[in-house]
Amino acid sequence: MKELEVRSDSHRQMVNITAQVRSAVEEMGAQDGEVRVYVPHTTAAVVINESADPDVVRDLLAAYEAMIPKISFRHAEGNSDAHLLSTLLGSSVAVPVLGGRMRLGTWQGIFFVELDGPRTRRVLVSVLG
Amino acid sequence: MKELEVRSDSHRQMVNITAQVRSAVEEMGAQDGEVRVYVPHTTAAVVINESADPDVVRDLLAAYEAMIPKISFRHAEGNSDAHLLSTLLGSSVAVPVLGGRMRLGTWQGIFFVELDGPRTRRVLVSVLG
Amino acid sequence: MKELEVRSDSHRQMVNITAQVRSAVEEMGAQDGEVRVYVPHTTAAVVINESADPDVVRDLLAAYEAMIPKISFRHAEGNSDAHLLSTLLGSSVAVPVLGGRMRLGTWQGIFFVELDGPRTRRVLVSVLG
């Protein structure tokens, strides 16, 4: 298992961590199986989506914001919106590995999603199979 | 594989099953790999999020409710809202296991999400690696 | 690893791929572990939900549509709504396999979710454990 450090510099942010995950897979010498990318935080998430056009990431962040319902939250820390998005987007993703190579689609990248930053976060990368 | 029984006592409810999953991991003697928690139901889900402040769970349930669009559903059983939330939250989670211990983050717990209760439900726990 | 081809014939569509995934699991001779179904596309997803009543799928697609926020998207291809739903629904699912058999619940099926069709798509199926 490898631990990555990810720094966010705004409140909501999608950080492309594909290269770091790929390096971790190579260092661990995985051949066939899958790689798991796990976020041990409750106000962050990880998703797989388009990494080519940065406008996609901007649109995603704007849409997540707009989907948060306008209700009163009770949690005293005031970041229930971040907990909500974390559960909807998910705390981990897995990608198949074949012949030592992650089988991401042509346009896919792996993004750490900061929902209550800026902060320094940890991401766990492990291989199975 | 271990099968857990989870009882809900209201229509929507998040039941913290972290301790039961941890016990199952220990009984199965997993060392390094991951544990999968799988919900074999179509009107329930499983998520990982904060288990410290119970207000987070209340806020999450209120937000899920508020996000259900006000459209006419056709499904005769009248629980399409539960099917919808089930697909958005997801039917399984995985957590890395290292040295026999689940690597949940400090504030993370595993919650069975009842979306059409009260009912008695099953949860499958298996280890890989 | 097996690669399935899935054809969609409308803009949004849920295609039941349970039988194809089951055949792939049998061909690969998996005994105990899990099967991963991975979508290498950024405007499609995969979910597990009810396969008995086709009205559930109609309700799900109508609800996803209604949940897309009415904001201006910047991405020039005009399909940011599809990227959004892809990240909310997820790019992969896993199902436990025991004694060579996928442990789907009684009412569960595996659905490829086309969000920007019609297109011909690929789905990767692999077994672990």
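For reference, chains read A, B and C in written order, and residue numbers begin at 1 within each chain.
Operating definition for what follows: a residue touches a chain if its C-beta (ideal position, glycine included) is under 8 Å from a C-beta of that chain, and two chains touch if they have at least 3 such contacts.
As the structure is a computational prediction, the values presented were derived from the model and not from experiment.
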item: Subunit C against subunit B, contact positions shared by both copies (same if over half, else different); value: different
item: Angle (degrees, nearest 5) of the CA superposition of subunit A onto subunit C; value: 120
item: Subunit B and subunit C: spacing of chain centres that average the CA atoms, whole Å; value: 20
item: Subunit B, residues touching no fewer than two other chains; value: 67, 88, 90, 94, 128-129
item: List of subunit C residues in touch with subunit A within their complex; value: 1, 36, 38-42, 67-69, 71, 73-77, 80, 83-84, 86-88, 90-92, 94, 122, 124, 126, 128-129
item: Partner subunit C, residues of subunit A touching it in the complex; value: 32-34, 47-50, 53, 55-56, 58-60, 62-63, 66-67, 88-90, 93-96, 98, 103-108, 128-129
